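To keep things simple, chains are lettered A, B, C, D, E, F, G, H, I and J as they appear, and every chain counts its residues starting from 1.
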Amino acid sequence: MLRGIDPILSPDLLHALAAMGHGDEIVIADANFPGTSMGRLLIRADGVTASAMLRAVLSLMPLDTFVDDPAVTMQVVGDPDAVPEAVRDFQAIVNEVADAPATLAGIERHAFYDRAKAAFAVIQTGETRLYGNIILKKGVIGP
Amino acid sequence: MLRGIDPILSPDLLHALAAMGHGDEIVIADANFPGTSMGRLLIRADGVTASAMLRAVLSLMPLDTFVDDPAVTMQVVGDPDAVPEAVRDFQAIVNEVADAPATLAGIERHAFYDRAKAAFAVIQTGETRLYGNIILKKGVIGP
Amino acid sequence: MLRGIDPILSPDLLHALAAMGHGDEIVIADANFPGTSMGRLLIRADGVTASAMLRAVLSLMPLDTFVDDPAVTMQVVGDPDAVPEAVRDFQAIVNEVADAPATLAGIERHAFYDRAKAAFAVIQTGETRLYGNIILKKGVIGP
Amino acid sequence: MLRGIDPILSPDLLHALAAMGHGDEIVIADANFPGTSMGRLLIRADGVTASAMLRAVLSLMPLDTFVDDPAVTMQVVGDPDAVPEAVRDFQAIVNEVADAPATLAGIERHAFYDRAKAAFAVIQTGETRLYGNIILKKGVIGP
Amino acid sequence: MLRGIDPILSPDLLHALAAMGHGDEIVIADANFPGTSMGRLLIRADGVTASAMLRAVLSLMPLDTFVDDPAVTMQVVGDPDAVPEAVRDFQAIVNEVADAPATLAGIERHAFYDRAKAAFAVIQTGETRLYGNIILKKGVIGP
Amino acid sequence: MLRGIDPILSPDLLHALAAMGHGDEIVIADANFPGTSMGRLLIRADGVTASAMLRAVLSLMPLDTFVDDPAVTMQVVGDPDAVPEAVRDFQAIVNEVADAPATLAGIERHAFYDRAKAAFAVIQTGETRLYGNIILKKGVIGP
Amino acid sequence: MLRGIDPILSPDLLHALAAMGHGDEIVIADANFPGTSMGRLLIRADGVTASAMLRAVLSLMPLDTFVDDPAVTMQVVGDPDAVPEAVRDFQAIVNEVADAPATLAGIERHAFYDRAKAAFAVIQTGETRLYGNIILKKGVIGP
Amino acid sequence: MLRGIDPILSPDLLHALAAMGHGDEIVIADANFPGTSMGRLLIRADGVTASAMLRAVLSLMPLDTFVDDPAVTMQVVGDPDAVPEAVRDFQAIVNEVADAPATLAGIERHAFYDRAKAAFAVIQTGETRLYGNIILKKGVIGP
Amino acid sequence: MLRGIDPILSPDLLHALAAMGHGDEIVIADANFPGTSMGRLLIRADGVTASAMLRAVLSLMPLDTFVDDPAVTMQVVGDPDAVPEAVRDFQAIVNEVADAPATLAGIERHAFYDRAKAAFAVIQTGETRLYGNIILKKGVIGP
Amino acid sequence: MLRGIDPILSPDLLHALAAMGHGDEIVIADANFPGTSMGRLLIRADGVTASAMLRAVLSLMPLDTFVDDPAVTMQVVGDPDAVPEAVRDFQAIVNEVADAPATLAGIERHAFYDRAKAAFAVIQTGETRLYGNIILKKGVIGP
């Protein structure tokens, strides 16, 4: 445990967040997500909700302001306009914690998979609610 | 996620529990425990309480009936007879979940450290209550 | 050995089953299958029949309900409509153990090989009956 | 699979048996044995009985004739003269298959552990009968 | 050394032969063959002739009966119809030892190289006769 | 870079600080310290002063309150009572930044080496002032 | 520390500079640069400015005289002709320290990324000024 | 040191030369050559001239007689017909030491690089003369 | 294959012989020797006799002239004065090939084992004659 | 190659010299020295004389002024007062190049070996003169 740092952030996760640079992306995935086969770097957080993880990650990581959609979620299969409960939570947490405002954008399931495969890391949480997945793009901290 | 298995048990932890044999010990440690320097095998579970972890581990692992004390906790420094809240929880969970009855036995802090160093694995939980540590000795499953 | 878990599931296999996510596939292969050269991850289970392995795997792993054919077998070379004894066994076990109904679908030998190469893991059993191979796609466990 | 070789012998096990030399020892252990923590080299054979494994190993490996006890088993705790069912099977298999006659000798549980820790390898079988453990010392094949 | 197994088969080679499955290929190469740069898995057998190695490999490994040419050799550069002394030996050994009849088929040097690069393993023998190379395709052992 | 975290803390150093537990020690060493040969885990920070590093480390890491001397420095060889400039700086930074008050204690050069060898990690800074070395013992963060 | 060598050059960086040959490129990157995901070899120098690093690198490494632009920087996004403060510093240091004259050339942000991905190494400094990135191509040292 | 073997051949280099087969190529490169980034296997020989290395390598390695140009050098950039001093030395050493006659052929700089990248190994010598690079193709040793 | 080097010396063995220095020892062991468990570095030479290996090793390696017994063999158990056929061969080969005269000295079996465990390497030959083991101590090559 | 650095210093050697700290020792050994078995870290420099290497190392590395004998050589066996030619060279080079004056001290052969085993690294040169070995202790560079 460290002073002022959310204790659900493991040493491996702190390392990844600090090693990421401008434009790198990280996936917060739910418990059913195929994180091992898709993640270039997999960080497990079984037993932690995606919401709690999002809050912890955004407390340290700036969002990218060079792009339109620095935070994207997975659309419900067959109902792309639906807003699952987990996604509603995510938007509220972004509004509350992020260093810059961002409106979540939904993308199709397999487009989400392709982007996850190219991401810097995947955090596999224990989130049991379906569609509890979000991709965040890291921004810049000025001088 | 798997059918009928507590989802806070990560793949690495399931592997360790299955690989352990008769007499091997596992430590469920709190967030302040020096698990990296002491554990021969360290399994992190940041963000999970020691109580939830104990319940999950005992749902799968039998306790050793060949010894008197298959489950031991760390005594409070300077007050060996005190029963911290976490330990009270542990006893209730053992009573409820374990395959065999067991009364928790307290041992001195550095004796606890020595035994942890020889254990099969240490699970570093996110338990923030002090003295939230317990060592369990694996038993036998009959034919 | 663990409480309530089929003891033919090795620690490595438990790890793989738990690490797999929605849409990942696992191959249960017979003793003649080229598992080492084709499997991205090979888990050996010499001396265990494919039938016993299928029963053990399905006791823990949900089948995918997002696709039409979550379980496929290899067609007999030169006689695609034949139903080998092992495959007949597989269907009976799926009917009995799986969390969701599924009718086995046969695919051509080299199509089976291509899919096996992309699978999460191959379990090389000691099944000596020919055509004792099956691919399973993992499903989702709801909240 | 190979011509004339028992198919329960995995590639790793064949490698170990061939790499062993005069005086090296191998442990065939039951499903409750702490093989991971004690074995310098662990070879898993979940789902295979210790009896079938003993038969397979002795079909390839000569027993040492330079010592009195080339095959030893673990005494029942608290009843050193008891002969468990598994051990009775072992003696019958040695009589039938080994290249040299040998009478099994029992040693105390912790003495068995110490010898297992120094052995070349431990084979962790799925033997569910208690005391299904045996240590074999490899002999010489003449010119 | 093991009972009934040709002692020129090293532990690594036994491992490879047992790990190979239906359709996998192995190359027995002469001392001048570029085995390190071409072999996905290289097994050295310096000091052993290709003929002795072929005899040992075929004593354990079945040949594939699903294809026309389960055993191929390298044609002499500039004289594709020539039959080098080593190849003549190979045919005699196949006739004597293999589990199924097979007529050796010659292929052009660089076609041989391409096939060797895709093989499961290359055994680099100490064969000093030129063109002492052969590729074998593993077959099936029935129930 | 992360929000609110001193940017001189590298990903590896953040990882180590988070992985340390109660009682683990870390060494901040100067540029002449034999950190590679003495450190169980070496983290380089060439070009950073020991003072800046001490300030950054203490901003995240609690000091141990279970012991008398949670922070120790190396005595000048031949003049144990001298207070080098770097050590004077260290005391001021501890006073300003640490979560608990601590008076630096000097120990003899080779005693310092022995303790450094047992520490969790050594940070090799670019501090060019002699005797710019300090050992810190990590404390506990309460619930 | 070594005689006559700038102490901010770590052992890993000295190794890389010496291992580079004619035409190899090295990137000096600022603190926001995605060095871990882009660098084939990443060398961290947290806490060091890009200017100090450039001075140290050029004190040892010759610039390539076979090409027109042996040193390139990243253009400001949306304002390619701007000259950021860091770049102005870089030109002054090149003028002062390099073994051969060179005028810095700006390239577009993603072209810079592509070239960084192909470089021999990326040095991730703690430079907090934006656009504090430069690529250097190593030259030849004559006999 | 070994009897009758040139002592400038290191153990790693002896290993590579012996592991190479018919048609494999090795590069003897000068001190400015980008051997680390281009060599699939890099063997350093700092402090040794390319001429001395060529003499040592040819004392053990046969040249390929199946191709026209078993030994090639790099043409001077902008003056392809020039014969640098190092190349003149190389031809004299080939004439004196090689097992088969060979006339050195020059190829363009980047063609040389492409071939070096595909070679079995690159020996990075300390040759300070420019254009001190040569590629050798290994031949066959007859029975 | 290399010019003038016995082709039974594999690349790994050439590497070891060249890497050994004054006073280092190498064991040439027969097929029954426990080389894997005793050798710090094991080099297999299945299918090669110990006699042929001794001849090849001595063709390159000088014997130590600083000690009385640079070459020792294993005494027959129970008959220390016997001279097995393999040992008789060894003496003849030493007389013929070694760079310095040496009379083989026999030592007791377990003393031989202890010395083998400390040796630089063990060469496991396919020698099927019993007591076909010898230890050689490397000497110096003068300027 | 780097500006102003002796080109016989390889990247690995530069790394070691920079990583060493106050009191660490490095061995410059001749071609017959058992460097692989004795060196904790071995750096080969075949083909380079010990004298040239000593000159290059001392050009970068300060000698320790806290001890009486920062540079020691090996006494001639049986003639401890002899001064071999190589040692005479060493003293001259130390006098010329070192940052601090030092008189070489001879120690007995096996004492030299013990100290070499504890050293930071051993540089195995191609020095063919006997007794061409020297141990150097690194000193401090002041602020």
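The criterion applied here is as follows: contacts are C-beta pairs under 8 Å (C-beta built on N, C-alpha and C of every residue); 3 or more make two chains touch, one makes a residue touch a chain.
All figures in this text were calculated on a predicted structure; none of them were measured in a lab.
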{"item": "Intersection of contact partners for chain A and chain E", "value": "C"}
{"item": "Number of hops, chain B to chain I, where each hop joins two touching chains", "value": "2"}
{"item": "Given chain B and chain E, the chains that contact each of them", "value": "C, D"}
{"item": "Residue-number overlap at the chain G/chain H interface, same or different (half cut)", "value": "different"}
{"item": "Centre-to-centre distance between chain F and chain A (centres being mean Cα positions), rounded to whole Å", "value": "34"}
{"item": "Geometric centre distance via CA averages, chain F-chain C, whole Å", "value": "54"}
{"item": "Between chain G and chain D, distance of the C-alpha-averaged centres to the nearest whole Å", "value": "62"}
{"item": "Averaged-CA centre spacing for the pair chain J and chain D, given as whole angstrom", "value": "52"}
{"item": "Residues of chain D whose C-beta touches two or more other chains", "value": "1, 9-12, 19, 31-32, 36, 128, 141"}
{"item": "Chain-to-chain touches, reported pairwise for every pair that qualifies", "value": "A-B, A-C, A-F, A-G, B-C, B-D, B-F, C-D, C-E, D-E, D-I, E-H, E-I, F-G, F-J, G-H, G-J, H-I, H-J, I-J"}
{"item": "Complex contact set, residues of chain I against chain E", "value": "1, 7-12, 31-32, 36, 44-48, 52, 126, 128"}
{"item": "Complex contacts: residues of chain G adjacent to chain H", "value": "19-24, 66, 120, 140-143"}
{"item": "Touch list for chain F against partner chain A, complex", "value": "1-5, 9-12, 14-19, 59-62, 99, 141"}
{"item": "Partner chain E, residues of chain C touching it in the complex", "value": "31-38, 77, 124, 128-130"}
